[in-house]
Amino acid sequence: MSNVIERQRHIIDFTLSSLLRRKGKNSALLAVYTLIIFILASVLFFSHALRSEAGLVLRDTPEIIVQRTMTGRYQPIPLAYAGKIGDIRGVISVRPRLWGYYYDANFLANYTLVVPGENPPEPGTIDIGSGISKLREAYPGDTIGFTGFDGKPRDYVIRKVVSDESQLVSADLILISEADYRSLSGIPANQAIDLVLKVRNPKEYTTIAEKIRRLLPDTRPIIRNEILRTYDAVFSWRSGLVIVIFSAAALAFVIFAWDKATGLSAEERKEIGILKAIGWETSDILQMKFWEGLAVSLTAFLLGVILAYCHVFFASSFIFAPVLKGWSTLYPQFKLAPIINFGHVAAIFFLTVVPYTITTIIPSWRAATIDPDAVMR
Amino acid sequence: MILHPSILALFISSLLISLMVLYSTAYGIQILRRWDIASGSELQLGLERRTYLVSTIVAYFLAFQLVSLFMFIYTADSICHLFVGAMCAVGTLTVNQFGYPTLVLKIITFLLAGLWLILNHADNQGFDYPLIRTKYRLLVVMAPIILAETTLQGIYFLGLRPDIITSCCGSLFSPASRGIATEVINAPPLPMLTVFYLSTSVTFASGLWFYLRGRGGALFAALSVVQFVVALTAVISVISLYVYQMPSHHCPFCILQCEYYYVGYPIYIAILTAATTGMGAGWLSHYRGIASLREALPGLQRNLTLTALVSLALMAAISAAYTLLTSFTLR
Amino acid sequence: MITAHDITKTFNAGKPNEFSAVRGVSLTIDFHRATVLKGPSGSGKTTLLSIVGCMARPTAGRIFLGNREITSLPERFLTEIRRRTFGFIFQQFNLIRGLTVLENVMAPAYPTGEKFPVLRKRAQEYLDLFDLGSKAASKIEWLSGGEAQRVAIARALINNPSIIIADEPTAHLDSKLSHEFMAIMRRLKADGKTIVLASHDPIVYDSDLADSVIEMRDGQLTSTGSLP
């Protein structure tokens, strides 16, 4: 048994020294391999971190949201509906929500208008998010102007800038009083944008949603879990799409690896021939090739994953954040919390190291079955 | 299909490795037809060289299949929240009818690959490749099963569609009444526990006898197969209950999670190892008569048996630790 | 002794460039003696040597090492026998570039799984034996022709083989070094080793070391004579 271990040690020794002897060729391969892993890992880490962050935020969404639709289009919901829904058994509370978007044509930015449930600003004053503050260079005490639904301008004094705790949510936020909101948006006093419900028993979500629909056929109840699932699916879909595109790069890499592996230089060929002539078996050479592949793969994998981690979590994914995030002039500068999903690490392994290893099986075997006879001549 | 990274990873890598196995089977057939150890012709030399390729591929396949088995379960677990009613991997696997068959085939192909490698190792000890035909016949049997597994896995993944909001209707059109299983079929717990300990002891005794006396290999192999089935059933029906400390949680997959200290991994690996090495050791007894193997075979069988015994002991120890040492009891 | 019966080695069988390097050769090589294969290049000496030395399998015929038939042995067994029994010295030395002298000498023993310190010590001893002790850590690219040859001989001896095979050993050496080489061979034979040399150099086949000279031409033997 110790004999077997010692033999492996000798072979590993020889393999490592042989890798170092051919630094040029091996570094090119290592560089490309690491790059591939780096890109894939960066994408997966980034989207997973975003998803986790979104998940955390979404955890606080209302359990059930009731919207009103007309011919499939989203409409304001009459406040009278709230009363009817409140009467359904199991519903603890119904709260109408007033919110919307405001497009600032001068700055080409979209803001989110919200009338908060607690501590709303006084009429005539608003709270703004840090993104808006920076964009319009407006600070507490300044006056800022918006154009209402009727085209007339309205001015508001900034009470405070919303704190940065969750930048994802608050950067483009405008908190406004109900009266000012209705005046700015034109929503009449007997309507709201949607209703949010608190339910006593989570197992009842579906039942209550059914009841609401039966009671008020032009409404659309949305359950929180569904939102979470949909977001998740979209995130997965997006990162999956990237992976599909990535496969093109992976394919190129695999072809490159194949080329490197089959293109044994005359010197390498001779070396293997000599080894076989002096007493190494085919299986010894196969072992050598195995350790070689392992050394290269492990190095590339560790390097690629570590670099990706640093790239995403310390350098804010500067390389491709613009592509993945979308477009806007207003973006939160958020630092993602470093969460790694082990499943993703395994997926990276399966998508890179496995194809590489499989590609090198046949070239390694060809190398290992070189006829020592040829070296005698 | 859900474009989840792990799913794509499993899909693509399974496909690649199955193609490799197929490729090597083509050579396997050629070997079966033209092999002639006594000939020194170039064809024969070429075939001998090919055997190295085939055994390398199968070895990689085995390693891959072990990891892919656990990865499959892990992935199923991590996407369970996309399906209404699915609580863990059990739910995900029942979303369509290809989930469990894929899992079963993964296990079977792993065992077959393990057996093949054991046969291969034995064959290499004989100077006239005595088991070559048996080996390659086994490969020809294995190849369609491996392809079937990859295909089923692919169909399973392609058929997965998350229950997400559709544009107009929201929640009410989620197929909540899909009939997703939350539990796996199980046997009555306490009797099963007794059966498990009994079976483990009998198999262990048979293995020990075989190790010491060198006889009874076939019996040991048969018992190993029985023990495999018994152990898996026991994990589902009773041992998992002790791990979760809940009388009705029969999930075989949750023990692989971090809350339970990943104890599922040593348990399942021990079960798989015991089955493969026990079956292999016993099967090899069939070839005791071959001259070229006479010297090497007993040693190989003893090593395999020892591995099987250790795995059995490990499995028994872990089960005993949970059933006897925790305060939870089913009585 | 090594016995070969009707050995044939054909390359590219069935193709238009089919070619038999060795045809119907039968010979005996006695242990503890020195045998020389004499013949011009292309006569099949190298092929015959590789068959005798367990490096290749004959297309037809049978070959015995002592009592054991090695004709149809699979490669792994053949290699094991070769490692234990034979030490090869190649025409071009074939030392591995990039490795040191010591590493080159130890290389044939790596697959045996021998403990590294033991192996190292033995390798060093052989180097000392051939006055190369001080060069153990040098890269082989810096050696002179004579030094390289002695490294090649030390490498051939590392596994303590009982048979030494050398293919055209003096082809790249001047007369002085050739005679030195023969002197080393004499020493080894005196130690009880079997020597098999292939050469068309008179220094080799005319020397008093040779117990038996076998002549080859075009893949066939033209004479198998023992010298008085």
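Read from first to last, the chains carry the letters A, B and C; within each, the first residue is number 1.
FYI, a residue touches a chain if its C-beta (ideal position, glycine included) is under 8 Å from a C-beta of that chain, and two chains touch if they have at least 3 such contacts.
What you see is a predicted model; the values in this text were computed from it and never measured.
A.B. asks: Where each step is a move between two chains that touch, what is the least number of such steps from chain A to chain C?
C.D. replies: When the steps are counted carefully, the minimum from chain A to chain C is 1.
A.B. asks: Which chain pair racks up the highest number of C-beta contacts?
C.D. replies: Chain pair with the maximum contact count: A-B.
A.B. asks: Measuring centre to centre with CA averages, how many angstrom lie between chain A and chain C?
C.D. replies: 64
A.B. asks: Express in whole angstrom the distance between the two chain centres, defined as the mean CA positions of chain A and chain B.
C.D. replies: 34
A.B. asks: Report, in whole Å, the distance between the mean C-alpha point of chain B and the mean C-alpha point of chain C.
C.D. replies: 49
A.B. asks: Note the residues in chain A that touch 2 or more other chains, in rising order.
C.D. replies: Touching at least two other chains: 282-283.
A.B. asks: Provide the list of chain C residues touching at least two other chains, using ranges where the numbers run on.
C.D. replies: 75-76
A.B. asks: What residues on chain B touch chain A, complex-wise?
C.D. replies: For chain B paired with chain A, touching residues are 2-10, 12-13, 16-17, 20, 49, 52-53, 56-57, 60, 64, 67-68, 71, 74-75, 78-79, 81-82, 162-165, 167-172, 174, 176.
A.B. asks: Within the complex, which stretch of chain A touches chain C?
C.D. replies: Counting only chain A, the residues touching chain C are 2-7, 9-11, 13-14, 17-18, 21, 267, 270-271, 274-284, 371-373, 375-377.
A.B. asks: Under the stated contact criterion, what part of chain C meets chain A in this complex?
C.D. replies: Answer in residue numbers: 46-47, 49-50, 55-56, 75-76, 79-80, 82-83, 88, 90-91, 94-99, 103, 107-116, 155, 159, 167.
A.B. asks: In the complex, go through chain A and note every residue touching chain B.
C.D. replies: Listed in rising order, the residues of chain A that touch chain B are 44, 69, 72, 205-206, 209-210, 213, 220-223, 226-230, 232-233, 236-237, 239-241, 243-244, 247, 282-283, 286, 341, 343-344, 346-351, 354-355, 357-358, 361-362, 364-365, 368-369.
A.B. asks: Considering only the defined contacts, which chain B positions touch chain C in the complex?
C.D. replies: Touch list, chain B to chain C: 37-42, 45, 48, 124, 127-129.
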